[in-house]
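In the two complexes below, chain A is the common chain; its partner is chain B in one and chain C in the other.
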Partner chain A sequence: MQLGIAAFMLRKLLRLALLLIAVAIFSFVLISLSPIDPIDAYVGADMLQISPEQRDIIAQRWGLDQPMMTRFILWLRQLASGNLGTSIIFNQPVSTVIGSRFQTSLQMLAIAWLLSGALGLAMGVVAGARAGSWLDRAIRFYAYTLAASPTFWVALLLLLVFSVSLKITPICCATPPGVLTKDVTVWQRLHHLILPAATLSLIGVANIALHTRQKLIEVLNSDYVLFARAQGESLVGIIRHHGLRNIILPALTLQFASLSELFGGSVLAEQVFSYPGLGKATVEAALRSDVPLLVGIVFFSALFVYTGNLIADLTYQIVDPRIRIGKSS
Partner chain B sequence: MATSFLPRRPAIRFNRRQITLLSIALCTLFLVAIVFSNRFMGDAGLDPALTQRNQPPSLTHLFGTDWLGRDMLTRSLHGMSLSVRVGLLAASFSAIIGTGLGLMAGTLGGKVDAVITWIIDVFFSLPHLVLLIMISFAIGGGTKGVIIAVALTHWTSLARIIRAETLQVNSSDYVQLSYKLGRSPFWIARHHMLPHMIPQLLVGLILLFPHAILHEAALSFIGIGLSPHTPAIGIILAESMRNLSTGYWWVGVLPGLLLLLAVQAFDTLGENVRALIDPKTSQG
Partner chain C sequence: MLSVQDLNITFTLYDRGLAQKQLTVITQLDLDVKAGEVVAVVGASGSGKSLLAHAILGILPDNAQVSGKMLFKGEPLTLNRCQDLRGKAIALIPQSIGYLDPLMQVGQQVQRTAQLSGLSRPAAKAAVDRTFARYRLAAIVQRLYPFQLSGGMARRVLVSTAVVSQAELVIADEPTPGLHPDVVTETLNHLRELASEGKGVILITHDIEAALQIADRVAVFYAGTTVEIAHAQDFSNNKIRHPYTQALWRSLPQNEFIPISGSQPTPEALPDGCLFSDRCPWVTQECQLERPPFLQVRGAPVRCIHADR
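And now, the complex of A and B:
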């Protein structure tokens, strides 16, 4: 058993290394082929005040006069030692920027993730248990509509209703304006992340609810449920003893796999609410040509999604009795 | 017929096939109307009319007017038309890539298959939007950036479907027999594979459109997509952000609703076409 998990982890780590190398090659090729001149992007508005000699000095300092292969190897060596470079717009190491921005996003992502998982599962169970009823129709209609809605538009609607009309939530940012970071209370933080988190959960619910509903209907149509019913088991009992066990594992995998969608959604939600998290940093990096930060975020997001899938695989190994027994025997 | 004994039968009653055909026709009509709306709407509503600024929705301006007095319905339809056309173009490129790679992986097998499957896995391990932003940024943004970014990122799921289908057909008896009879792989691909692929491809392509349109709108919304001077739907929604706090809700809500309807029309169209041509459901 112990050996099994160790081998499993080793295999997963190898795959991760391979993935990161692929992402490195991909980003390097993409950025090298790009028509954006790195010196122009760096100099920005001061372009006219820079002489060709000064440009050459910058190019030399950055190693832009080297051939592509040498540049790639040099960059890879830096990456391997953990140096992601310096962000141009924040003037800080990329890892520091990503770290602090992700911390701001993390609470919002976590709340959205937990809420959409729990709500989606509950809605799916209700819809599946009462398949064909008006409640089922309403839940399905909701899920299909939300799955087709643009994230930023849902965010915009929430902002309009709760911040502009009802004035019960703040209109932007992660903290109230004019308050020092250390003076911000937990309540104020929560108050500011309610809307972005709600946006992401409202949309995240759709997929898992539809999936759970489908799965529960399959279970309820099975022979063992027919037998349980013949023995006089109630619907609630059937769902508790037969339904949930079969539903929860695929739902967990789905929910961990949705981390990729969640990350993408956070980019849009943070943009609407001006929430200074990692998603907003992604947009800023792209709009203001901050290549080191953008590449850093691409790496980080790959790592984030990979970790999510890895946790899903691990829970399968630990939770599912069939896989567990199959391994030890 | 048991149904003829039922009391008070409704005057018009459609069977499932008719309902499917009807939904296909309605969705197609709606989408075609959107694409060509800019032709028959004209540009009249796009001119600023400062006397009619910020008017709420009314019978003359169904979607209201914006801060320059432009008719929001005309602007939204122009924007939707542009976004749908960009989405169609990008999704079609994507479908070509997906089909090509899927067929290659399925028929050539071995190392080619392993490499293509791995590339698909790599694409799936990055958040879609981050990938889109990265590619669009590297190409330099603009319409070209959006089309290439969407085309390069949406082929993966279609390639997976095509690959699985190819593998299945490839291992069937009649294809094996065909090989034994000395047919070339190309001949087999054309005569045995393609007829199976075309329904899958058609449905896959239609279901790609909504994703492509949503992602195009998202990229334009955050400012990396189409230029701010084009009336794309993402641009209109981004502009509406500035007017939200002043209470002009219609400039953001109604164009977004149009986008939602268009996306749902594509989804419904895809599902109904699938129901019609998939042998598993077409007889039901």
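And now, the complex of A and C:
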């Protein structure tokens, strides 16, 4: 088994390397072909004060006069040594910006992830156990409508109801304005992340609920549940002893694999709530042509999503006895 | 112990759109089992063998209507009573390891069976240990998952589920398909043992040879009905009554090995009269008028009006 997992990890790491190289090539080509002029983007509003000669010097310094291939290799070398460059809009190393922004997002993402997972699982179990009932139909209706509605729209709706009309949640940001970071309490933080997290959860439950429902129906129609019924097991007993055991693994896998959607959703949700996390930084970087930051985020999100998928695959290897033990024997 | 008389099972199916369709899959089925006796239920697939088991346990799907009389220890077996009795007084031994939860250790599953039959947790644990020892299953087997069991171990684990529940009536549904002959014999002996302990055993199988190894009586099913309930020795004594039973017997390799021509009618197209009339060598006009009732011929019931010839 140890050997199996080691080989599995090695294969996965190799794939990750390939993925990152592919991402690097794509980002480089796309940005080279994009209309953004790196010097314009860097200098910004001071453009008028720069003479064409100075411009040429900068271009030379940066190696912009080199052929594309040479530039790519130079850039790759920098990347490999861990240097992602400096963010233009924040005037800080890209890794620092991503680090601090991600920390802000992380709490929100974690809460959204846990909430959507737990809620979705519960909804799926209820719907599956009572398949065909009005409760099942209501849950399914909810899941289908929510799965089809855009994140920013749900975010705006929540903002209108809870922040504008009811005034029980803050209208923006991760902390109250005018309070020093070190003075912000945990409750204030929670208060600020509740709406963006709720937005992501409300949408996130749809997938897992529908999937769990389907899976539970399959389990309830299985031979082993028929046998359990023949032994006098009740519906609740069947769900407790056989249902959860058999649906938790696929649910977990799905939930880890959904990190990509969660990340994508956070870009929109953070924008609506002006929540200064990584998602908002993405939009800012894109709107203001902060190429180094944008590329840094592209790499980071690829890594993030890949890790999610990796954990999803790994849970099967570790949790499912048929794979865990089956491989060794 | 158990007596089933004139059992009918009809499924309501939704045909295209909202048109309902009634499908009668079991008609006039009879069976009785006494304590200490093995009754084999023999028939081809689609003859209603497994459905009978599900009807006795009350685990038919919701769209099934059941009519007729089922008595367990003299009392009618209503759906409510089924719910109370299954897992306690009536136990099922399923066909294959597919009927065990793939993600649960087998010891735990058998223990759950014991607890469902009314034992406390420690008593259930003890019952599992005792039963596994009885069937020469090492203690470590308790911690295996179903996919890790060999064919023979799997059979013994499945028999254990019925034993720990201390049920008085055991229904074994096709317990021997595709098994090594030694395992078949072993499994059959386990069932015989249960009967010797005073339990009633119903052995559902399509394998007439296996059935004859241990059964006291053999009920032959055809197209959802019981055509004959013969004594086991009637087969070798050439006393079997129904033309279908005789054809089944002749089709065995050690006998004449003549397959029966034609096929069993589907529930959609049952003949009006005797269900076997379209394949019967003795068929007369009279046979096609109505379903033959049970007649006592040479000491056992048979559904054939010409059986005494």
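Criterion: the second predicted complex is superposed on the first by the 329 of 329 C-alpha atoms of A that agree within 3 Å, B and C clash if a C-alpha of one lies under 4 Å from a C-alpha of the other, contacts with A are read in each partner's own complex, and residues count from 1 in each chain.
Assume a residue touches a chain if its C-beta (ideal position, glycine included) is under 8 Å from a C-beta of that chain, and two chains touch if they have at least 3 such contacts.
Keep in mind it's a predicted model, so treat the numbers as computed, not measured.
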See if chain A has more residues touched by chain B or by chain C, and give me that chain. B
Where does A:Arg322 make contact in the superposed view: on chain B (first), on chain C (second), on both, or on neither? second
Determine, under the contact definition given at the top, whether A:Val94 touches first (chain B), second (chain C), both, or neither. neither
For A:Ala148, decide between first (touching chain B), second (touching chain C), both and neither. first
Quick one: is A:Phe227 in contact with chain B, with chain C, with both, or with neither? Answer first, second, both or neither. second
In the superposed arrangement, which partner chain does A:Ala251 touch: chain B (first), chain C (second), both, or neither? neither
So, does A:Val305 touch the first partner chain B, the second partner chain C, both, or neither? first
In the complex, go through chain A and note every residue touching chain B. 19, 22-23, 26-27, 30-31, 33-36, 144-145, 148-153, 156-157, 159-160, 164, 171, 260-261, 263-265, 267-268, 271-272, 282-283, 286-287, 289, 294, 297-298, 301-302, 304-306, 309
Hey, which residues of chain A end up touching chain C in the complex? 223-224, 226-233, 237, 241-242, 245-246, 249, 320-322, 325-326, 329
Residues on chain B engaged by chain A in the complex (per definition of touch): 118, 121-122, 124-131, 133-140, 210, 214, 217-218, 221-224, 237, 240-241, 244-245, 247, 249, 252-253, 256, 259-260, 263-264, 267
Complex contacts: residues of chain C adjacent to chain A: 57, 59, 83, 86-88, 91-92, 94, 96, 98-104, 112-113, 116-117, 145, 147-148, 161, 165
